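A, B, C and D are the chain letters, set down in written order, and residue numbers restart from 1 in every chain.
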Amino acid sequence: MNSFGTLFKVEIFGESHGVGVGVVLDGCPAGIVLQKEDFEEDLARRRSGALGTTPRSEKDAPTLVSGVYRGKTTGAPLCIYFANENIHSADYGDFQAVPRPGHADFVAQIKYGGFADMRGSGHFSGRLTLGLVAAGVVAKKVLQAELGKVKFCTRITEAGGQQDVAAAVAAATADGDSVGAVVETCVSTLPAGLGQPFFDSCESTIAHILFSIPGIRGVEFGDGFAAARMRGQQHNDPFVDAAGHTAKNGAGGINGGITNGNDLVLRVAFKPTSSIFKPQETFDFVQNKPTTLQIRGRHDACIALRGAVVVEDAVAIALADLFLLARATSPFLTQPEPLSQTGAENSNSLFRSST
Amino acid sequence: MNSFGTLFKVEIFGESHGVGVGVVLDGCPAGIVLQKEDFEEDLARRRSGALGTTPRSEKDAPTLVSGVYRGKTTGAPLCIYFANENIHSADYGDFQAVPRPGHADFVAQIKYGGFADMRGSGHFSGRLTLGLVAAGVVAKKVLQAELGKVKFCTRITEAGGQQDVAAAVAAATADGDSVGAVVETCVSTLPAGLGQPFFDSCESTIAHILFSIPGIRGVEFGDGFAAARMRGQQHNDPFVDAAGHTAKNGAGGINGGITNGNDLVLRVAFKPTSSIFKPQETFDFVQNKPTTLQIRGRHDACIALRGAVVVEDAVAIALADLFLLARATSPFLTQPEPLSQTGAENSNSLFRSST
Amino acid sequence: MNSFGTLFKVEIFGESHGVGVGVVLDGCPAGIVLQKEDFEEDLARRRSGALGTTPRSEKDAPTLVSGVYRGKTTGAPLCIYFANENIHSADYGDFQAVPRPGHADFVAQIKYGGFADMRGSGHFSGRLTLGLVAAGVVAKKVLQAELGKVKFCTRITEAGGQQDVAAAVAAATADGDSVGAVVETCVSTLPAGLGQPFFDSCESTIAHILFSIPGIRGVEFGDGFAAARMRGQQHNDPFVDAAGHTAKNGAGGINGGITNGNDLVLRVAFKPTSSIFKPQETFDFVQNKPTTLQIRGRHDACIALRGAVVVEDAVAIALADLFLLARATSPFLTQPEPLSQTGAENSNSLFRSST
Amino acid sequence: MNSFGTLFKVEIFGESHGVGVGVVLDGCPAGIVLQKEDFEEDLARRRSGALGTTPRSEKDAPTLVSGVYRGKTTGAPLCIYFANENIHSADYGDFQAVPRPGHADFVAQIKYGGFADMRGSGHFSGRLTLGLVAAGVVAKKVLQAELGKVKFCTRITEAGGQQDVAAAVAAATADGDSVGAVVETCVSTLPAGLGQPFFDSCESTIAHILFSIPGIRGVEFGDGFAAARMRGQQHNDPFVDAAGHTAKNGAGGINGGITNGNDLVLRVAFKPTSSIFKPQETFDFVQNKPTTLQIRGRHDACIALRGAVVVEDAVAIALADLFLLARATSPFLTQPEPLSQTGAENSNSLFRSST
């Protein structure tokens, strides 16, 4: 359904051309310092404004509807809301009869029987990621309040197969086309012990939320798909010290589904934006014959430009959930049992928790 | 935690060198024909026996403990159990002091405070995937009973960067090393409408369960990471007929998180097996100094050989869950509203459901 | 956490004296006719205005923020929002130092470390039930759209041990005191087959949501606590016809956790309102000594007067969830297998589904 | 579905006359001392053997299939299994054609389309509560390991309306009839702060699992239904000391859905056993006419005799889950913020946590 998380729960709502969009965030611990200004940095990264991003300009001013009192979280659910203001619905008229290639027009028709509000792509719109970003900002504050310095570093490593991202986007824009890209997020100073061996592995939890971001075609950790081309001797990460640091990081900071205290490293593949200004062949479901479609409106040429911060915030949400889960069920993360009680073989005092 | 699914729920239990392993499967509809023989094909694929797979030979005979009566599912939870028989725990002595690179030895120590049963890698062992395979067999039967012919096709497309997989594995085995590989699964004749726009997208649900399979480093759909190198005109899939078929399938059968009725196509990257017979540098946490580790025991040289069917069965589990969810909340999949009631703009009679 | 439901999911947010309160409702099928006016009847029942209800007067005008388009649900999450307008926070000053007996003041302090917004009881306030009522209105529309005529009948059967409820409330009001009451809800024309044998039994699901309504001390089904004083011959309900009707209804329409097609009957015990105008002995946690507390402000003398419709709407939410669950996993509710395929012993054509 | 819990998750499986029954328990912290002998006391209480309990005698010897190593929990899922041995299926022949009044025979037929294994009532049998008892034993050990002395006290307070329970049961047995009863559980030395304001209130969570025990018709906390007959002055519990103790306990230890540190007190109403030896009028669904049913077999005359310990263990499971949830999201339970940081009004140092 439209929610994510076991303890740090995120539910988003809204449509692109409706009244507004928002998020309800449940499970946020009380006492986290939080004010409207805290959202500005990530919201600005999401707005971007760079060449190749949509001319639709929204203020994106968050309203803290609930869960914050006197500048701190209360422990009750947070509702963070963004009104819609700059709407041009006229651009979206014909996509039920002639669905856009690569878009949700066709599947929405099938799934919701023609009742979906598809103006501006409705609930499928990238505008819904505003709620993800807002929740991610809170997640980062939770992680920092509870764990000290956890650092996120996110960048676009390539677009259209080129490392000069700006050039690739400019070329696609000039052609009335769009271009795909790879986004990499690295999280450092994260404790060991987050994640479960099966089903709720660290990778499972993170990939789950990442694949709900519109336009993502692939997710990989550490060496990722390159690991499939390696030998074991090449891929394995030797431990080098008593803190569990490794000489290299092919695993991306995760062993057996659980963080090992090294940097968490992941990459996602964004597809090229589906909405392009070149004429496209598609099918007219009313006339029941092939047709040519010319898309108008305001669109990003490279969604990764604005999507990079969404990736980072989605990862933060997943990590906040994994952290709260680990705090509940793994007391050993912070309170290892003394050596004498368990005998040498069972002792965990050999290891230092990064917590 | 150690369970997956909202309506078709899978919970696995057991340890590699304990009494046995198994799965409890809740939410399976009543009346599905099911007997022990139905598991044999996939269990045999998982045993493999090919060059490069472990010499540990287990009969893997499933016991249907509950949920089946007179050869059909009853609607109550299924418990399917596999006893452990061929166990050599002596091979696994020292990995708490000197954790194996790439293994869960270190994180288990941190997370479970030294109390985990790590004989044969315990609950982290690939042996736990027996439960996944058993549940996947049931999932495929559910899909076929409810949806008619749904076809799975799974293959190893490359190992160690080579298309001649057997040669790559043989070479790694000869070197006492291991090798990674890519597994591709294609599911055809799947209805449109499975998955949700956010959070429980088709990709999210499938990637979630795939990343709980030990040794997977990446998951991609359709064009996957290649899409990041494409232009939109190249990646978009034009619709070509009134059934929603597309001229190509760069989206891997999914738009907006929802299946579109074309083939579902995904690939996973398996890392090379962590257990190799070459000496490896690592750290001795008791002596608190670097050391050299020589692993013995019985290990696969290429986990993808046995893991391919696990991928397929994990996908089947996710699809069974998505199907039941869609049946609950999307009645339009089978009963589209007539054109006259909604007016031309909202009509979905334009589309033909693949259901 | 602050959400309920597996498929028909309700999440409420807000505080009594904050910006507003609301609900996000996920899983509502598309195509349900819904407009603002549909909420008026139940909101009016909740406002009540009868003698013994609070003088706080709120317009309670719902804003349909998302999930509705052209008068019908879209299949995307509904957000329904109520602004707070008539607020007297000054009445709530001292309850952290001197917590009110029977209120959440003390536990909120413990649980949220002093960060909760307790103005007007904050997130603990009965005002949060606005979201429950709004969701219940939608739930009833879903049940009626999917199942035909499902009828709810709710009444206060007694207050303060008297059947003349108005008199009991008037007497308590005159004394500056409050009074408890019993509310009974009966749901008729409900199909057989809703609920699960264990854990998500019909009673479990309904009691779960009922016990989240502030002020409820007990929940019983059918004969309820009276059954504990009966013999089996007296309590058992004999079947009387091929539709599964029973001669009496001591089970309240539920056998083995599953509805049997007879009327669902339940009762809840509301405690007397905690806020009374009589002086009360309690403890001053700042002065660390006993003290006398005089509560001011605007309070109901009998919460059941306004709570009755909340009970009904909570039951409707639970039933909508149970219905969607049953539709997903119990296809036999609507499509019984023909006799010839299963043999006489297994046939269910013996029974007629009420669906 | 057939599972319970968010962090301390219980899934039961099995049928009365199948291979066996059991439970998978996920989320149990590592390092809890646990051996087979720990289960004996509660299993013996459940067997009972008193006059009025079934002559079916099962050894009920638990097998610890997984999750325990060297006498301690490992952090991986526990599977605890009980083989079925003493089975008389012949006693259960005709209940699909002529369903027993008060039993699940009819609803199982509707819900599972005739495919349920109803021998000995199958998955609906009280035998499934073996898994609940086993999980409850572990839950109590978790609570004691994590919280120190938490004490459970459970008793039958009345049967058939009489306080002399043995006499009431003997009289019913002599008549070939059965009798209902009330069971009360009191949990002392429980910390304040468990439970959530809405939906996952302490009462909601406990009532949810209690109502999955076969034969329960009502659940009440503290004064329960008697509170509906009270005035507020009579029902409110005045605080009397700085630890949050109250002069009386009408709330049953819960305010606003959250434990307040006083004794948790609840009562459940067990109906009289449905299986009685007196002839009963019912309906023959094959002959399509009324008939008289004579039940044979082995049955309890008063299920509360064996059900009392099931109630206690179910409460323990719910409390273990609530405790882990509180540990994850409410760090203030153990680490209150110092007075000086929040100012007098927000300070929680006024209160002493019972943790």
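Keep this in mind: a residue touches a chain if its C-beta (ideal position, glycine included) is under 8 Å from a C-beta of that chain, and two chains touch if they have at least 3 such contacts.
Values in this document were obtained by computation on a predicted structure and should not be read as measured data.
Fewest steps needed to get from subunit B to subunit C, stepping only to touching chains, is 1. By number of C-beta pairs in contact, C-D leads over the other of C-D and A-C. Ranked by distance of CA centroids from subunit C, the top chain is B. A straight line joining the Cα centres of subunit C and subunit D is 23 Å long.
Subunit A and subunit C have CA centres that are 36 Å apart.
Listed for subunit B are residues 1-3, 6-7, 12, 27, 30-31, 70, 75-76, 111-113, 115, 123, 197, 325, 330-332, 337, 346, each touching two or more other chains. Interface residues of subunit B, counted against subunit C in their complex, comprise 6-7, 27, 29-31, 70, 75-76, 146, 197, 324-325, 327-332, 337, 346.
Those residues of subunit A lying in contact with subunit C across their complex are 1-3, 7, 9, 11-15, 18-22, 24, 26-27, 30-31, 63-67, 69, 72-79, 81, 111-113, 115-117, 122-123.
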